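Lettered A, B, C and D in written order, each chain numbered from 1.
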Amino acid sequence: MNDRQVLIRDLLLLLAFAGWALALPHYGSEFVVSMALTCLMYVALSSSWGLFCGSTRYLSLATSAFFGIGAYTSAIALEKMAWLESIALGAGIAAVVAVVMGAAVLHLRGTYFAVLTFGMTELIRHAVTYFEKKVTGTVGRVLTVVPDRDTIYLTVLGLAVLAVFVSIVLRRSRFGLALMGIGADEQRAQTLGVNTRLIKVAGFAMTAAFAGAVGAAMAVRWTYIDPHTVFNPFIGFQTVLIALIGGAMTLWGPLIAAIVFSVLAETLRLQAPQVYMMSLGLLLILSVLYLPGGLASLRWATFSGWWQGSRGWLRSLGSEERKNG
Amino acid sequence: MAEPLLQARDITVRFGGLTAVDAVSADFHAGELVGIIGSNGAGKTTFFNAISGVIAPTSGRLLVTGRDLAGQGPHRYAGAGIARTFQTPRVFPDMAVAANIDFGLKFAGRKRKGSWHLRDEGSILELIGLQAQAALPAGAITPSQQRLLEVGMALATRPRMLLLDEVAAGLTEAEIENMAQLIRRMRDELDLTVVWIEHAVTTLLRHVERVIVLHQGRKIADGTPAEVVRNAEVIEAYLGDEMTESVA
Amino acid sequence: MAAESGDGQAQPGQARLEIKKGFPRSAFGSSPSRGRHQRPGKAVSAVSLVQTLMTLFSWFELIASGLITGGIYALVALGLNLQYGLMRILNIAHGEFLMLGAYLTWMAHAVWGISPLLMVPVSFLVLMALGVLIHKLCFRRLTATSPNLDIFEARGLMVAFGLMFLVQNFASFMWGGDLRGYDYLTEPVKIGEAQFAGNKLLVFGLALLFSGALIALLRFTLLGKGVRALMQSPTGAQLVGIDTQRLHPLMFGIGLGLSGMAGCLLSMAYTITPSMGEPYTVTALIVITLGGFGSMSGALAGGLLLGVIEALGMHFTNPSLKALLSYSVFIAVLLLRPRGLFAK
Amino acid sequence: MVQPSKRQLLKGAAAAVGAAAFAPSLFAQASPVRIGYAIARTGPWTGGAQVSQEPNYLLWAEQQNAAGGLDVKGNRRPIELISSDDRSDIETCVRSYEKLMGSDKVDLILPPWGSNANFAVAPLANRMGYPVLAPTALSRKLVELKLPNFFLLLQQPDRMVGALVDMLVANGVKTVAVIYVDDLFGLENFSALKVALRSTGIQVVEEKSYPGDIKDLSPVLRSIKDKNPEAFIGLSYPPDTILASKQSKEIGFNPRFYYASVGTAFQLYRNVMTPAGAEGVLGMGSWNSKTSPAAKAYFDAHTKKFGGKEPDRWASGHCWAGLEILQAAVAKVGLERKAIRDYIAGNTHRTIIGDIKFTGSENTATPGTVGQWQNGEFEVVWPQKVATAKLSLVKPAWK
């Protein structure tokens, strides 16, 4: 019962968010829309990262690898294929790479895994550079077929909403439960019948598919892509930071953090770019030290303090968060 | 006699140069209540880990109702109906007690029809006596309640065989008795094969019907408690006294 | 002085060319893309003898230059090895602290004219103090609040990420984003026929010295025993009277101090920018992976090995393959020999 | 249009210019001309952007405002720069320009730094009808996009390496060794070099590419030294230009002609290598303060404003030339962007680096040039008609 109410609440919130974002291009200025686009990009990346990495506690730094793969795919495919097909292809190839990568590294945990995913991202970047240079004779690609901005916006919005929607559905599914079990105690989950290897690879591939799709959709904004820009580790770092600061295991945390950060970035960037980056670092440290559950947990803690026992649905929200957290 | 539920054939586990389990063979039949004893480092837990898939044996075969599962992952064992607990309870601390039970039901327990007592979360909670704690996070209940929950989680996989690793450790006298009751009930009412490791030999020998004794990785005895305590090798390994007393 | 050696160089060089032309190629085959270059004809035995000698010389030069670079790699890895290998803090901001050391040195040299050599101990001490402070502010709390080592590692990594952003942008804020550099000890030094830059040799020498000192420190002193005990069993260490409250910050501080010192030395040989840190972090990671986390001698050997592998790889194939090569080695070692190449 | 400010004139108005987006309109007489740009102030692009580009924007705005403002068809109007950091990130760069052109509706934009950022901004600006005069974009592919509003000030690879090859041929060079960085810049220049060398008798004794973050070039340089080429050509970026120079000195590799593309023209190069050490080194350079009196004035003003920081002798000049062209266009046709574009496309412009004329997007009037360090100054030494000093034929040993 409670669970059902939470589900309905989450879906309604998502619907409201989607509706608001959908309406934005009609009344928002050019600037607001492009800011919203970046914001949505990080909502999609961080939420999908949280899907797998949040619940299983596998710290993947490979987001930029999948992003880059998606970007390259759409750069190549767009000449022959339709827009959505290219995006789907980007997601597909990223997922395939994730399956291969996951099969090789997902038995390692903790910082080993983080370091390895980072290493593999760099390896892919250098491999693509080398391949491009040897085979095509140049490293970058110019994208000449470019859809208009609204199409890109709608696509990224769709991906962001899909990422959150999948998160909502997933945490009520066996798959999501298995991921959570892996995060809590992988071996225990195994002895209770979870095929952890399969689940991990599938979860990793799913995260990768989102990153690939986002990469495929965003790359067309840059006209020219080369390995250095699309495999930029910073994209991966920022995704992880946003997810963690927001609360990687919560549903709305990454979304909240993505919005907070976009706004913060835009306001601080103009006056004091270094200060923005420094406060990003500081915020991260503080949140790890004092708020390991992320921004979303802060909201819950304060709210529950104020409203304890006053409203039924709020209490159910609390227990839901706790169950997920 | 019917085919054994689990046949361990020459199970050997080596860690580097150390042989933790040395060519141990044993059959476990449906409905048996078997104890495994041995001093520290005798290889009890390693043997358990091997027959539940947590570690792959270096050599040997593990036939579960005739199929060799040696080298497969623990989920295959769980799927085949072999459930286990761990020495230190490994519950999911952030999930509610009920959700911890639910976990097993959703995975290994999903494919089998359980007996009446294992029909759902509620019935299992009732069996282990944790209905009152159902909504609490598993990390918040007492350590002895966590031991019960650990057993409950294993039961939720609706097993045919239950491997219990020192479930009585750290419990009070009364709690041990309670646990032993539960174990007997499970065997009797759920028709489970129960294999039970305990460091406290006295407690164990009082409740099991058959004992396997491991010493320095090797099986040195296998029989009824009464037989085993008269076994010369066992007495030598164990200094005897304690065991003879307990059976008397 | 250098002028003479430079001018004089052309003549013998030209003479040598005739004999040496075929050097690497004859042994390893040639890549067709590498230019029109005659292979040596059928060699008369006397010529081939000379050729072998010259080849030996070239080998020496190549391996020596690889070893020197490798020494620098080992130096870069020292601090991180202490922090990650021994304390399980994956300090991803390692390169940033190195950069800080480099900037301190550059500033001291460019503004006050202080000798970079003098800055070696200074940057060590400054960074060490900073390290102790950072440990007290961040990692102590982290140790106290993390339920297990896994979570401590993951959170430590996140804190280090934060430090990376903080330090890098602090530098950019303080000193701007321009490339910086200065000229110090760049005079070539001759060893036999081969020439090496003075500052590189200095860096190499100091890398060996500090690695050796650290190995000795950890192996033979009470401090080292304490650290090793700490790694094996923190509570046990406390029981035998090791003060973890002091030892931890101190070790972290020494780690950071070593990064600062490495940065100071590197600034003699390379240009510096606020964003220079990342490649060094990666290099350090690769080196300590090769050597096995926490092993000082392993890291030294790993660094030297990587330097030689890269030098050979670059010589015989292509520098572009260098990154591909080092990452492949890195990943292969992590997957296949996670305890390091030299682990038994 | 922008509302005329009703505020009182405050003293020191000019000093406020160039600060940031919210720089208030302090000028009472005329509404400001709002000029926007995003450029790297943090991240890896900063080094280039803060040497060759942004200082020029600031200096230009300051000079114009000190003179009473930018001449818009005879009316002097103050310049208000609206700028932000692009964090060396393409997406941030694109977003910033979308904001500038779409929301802020600035009067004019100035380009970001580097080929990649210009690739991203060019089609956008083209669509919005903003003319862009890019001083730090170097790629044939950008020319091939055929964007009517986009103009590249730098000489393209074929011209630059063409001049280099001409110079080598004229001096009887027979053998060269080439290293090039693994990106668009390196590859385009390298293929242009190959084309230019084809009709000459010059032999390439070694050609190797390397990744941009390289820390050690000595194995490559040693093998090149063994082959003893008469000329060394490094198609390199500033950090690797300096690395290669230092390591060449280290191993005593000192060919007759030592050329390294980007970074040689920087003041930094002289600081790092010392004036004596830099002596004779060749690189991409197109002007210096001897090129023209205007160039000298610019050089002095730049050095004075930025506390001794000199503009580089290559792209800084192009950047300034771009600003000169823009200034002339606005003076002639006002702020109507289509008219500015037509003015830029249709005329030959006199600038501090000489005449500039565009064919399509490409600057086809400025010849390819070669620069050389001589006595602590980076001189233009080739071709003779734009040379500021005579080519010194034998490079002295590294010092």
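Basically, a contact is a pair of C-beta atoms (placed from the backbone, for glycine too) under 8 Å apart; a residue touches a chain by one contact, two chains touch by 3 or more.
Keep in mind that this is a model prediction, so the values were computed, not measured.
Student: Just to be sure I understand the contacts, which chains border both chain D and chain A?
Tutor: The shared contacts of chain A and chain D, listed by label, come to C.
Student: Considering only mean CA positions as chain centres, point out the chain farthest from chain A.
Tutor: So the farthest one, by centre of C-alpha atoms, is B.
Student: Give me the two chains with the most inter-chain contact pairs.
Tutor: Summing C-beta contacts for every pairing gives the maximum at C-D.
Student: When the centre of a chain is set as the mean of its C-alpha atoms, what distance in Å lies between chain A and chain B?
Tutor: About 42 Å, centre to centre.
Student: Averaging only over C-alpha atoms, locate the centres of chain C and chain D and give their separation in whole Å.
Tutor: So the centroids are 34 Å from each other.
Student: Just curious, how far off is chain C from chain B if you go by their C-alpha centres, in Å?
Tutor: 52
Student: Provide the C-alpha centroid distance between chain B and chain D, rounded to the nearest whole angstrom.
Tutor: Measuring from centre to centre gives 75 Å for this pair.
Student: Return the residues of chain D touching two or more other chains; collapse runs of consecutive numbers into ranges.
Tutor: 41-42, 182, 209, 211
Student: At which residue positions does chain C touch at least two other chains?
Tutor: 169, 172, 320, 323
Student: At least two partner chains per residue is the criterion; list those residues in chain A.
Tutor: 126, 129, 133, 273-274, 277
Student: Let me make sure I understand the interfaces: which chain pairs count as touching?
Tutor: The set of touching chain pairs is A-B, A-C, A-D, C-D.
Student: Quick one: which bits of chain C touch chain D in the complex? Just the residue numbers, please.
Tutor: On the chain C side, the touching residues are 2-7, 9-10, 13-14, 16-17, 20-21, 23-24, 33-37, 58, 61-62, 65-66, 69, 72, 169, 172, 176-183, 186, 188, 194-197, 200, 269-271, 273-275, 279, 283, 310-312, 314-315, 318-320, 322-323.
Student: What residues of chain D sit close enough to touch chain C in their complex?
Tutor: Checking each residue of chain D against chain C gives 40-44, 46-47, 49-51, 88, 179, 182, 203-211, 213-220, 222-223, 225-228, 238-239, 242-243, 246-247, 249-252, 254, 263, 266, 268, 271-274, 277, 396-399.
Student: Touching chain C in the complex: which residues of chain A?
Tutor: Going through chain A, the ones touching chain C are 57, 59, 104-105, 108-112, 114-116, 119-120, 122-123, 126-127, 129-130, 133, 233, 237, 240-241, 244, 273-275, 277-278, 280-285, 288-289, 292.
Student: In their complex, what parts of chain A are in touch with chain B?
Tutor: Of all residues in chain A, those touching chain B are 174, 177-178, 180-181, 184-185, 187-197, 319, 322-323, 325.
Student: Please name which positions on chain C make contact with chain A in the complex.
Tutor: Touching chain A: residues 84, 88, 90, 138, 141-142, 145, 150-151, 153-155, 157-159, 161-170, 172-173, 278, 282, 285, 289, 320-321, 323-324, 327-328, 330-331, 334-335, 338 of chain C.
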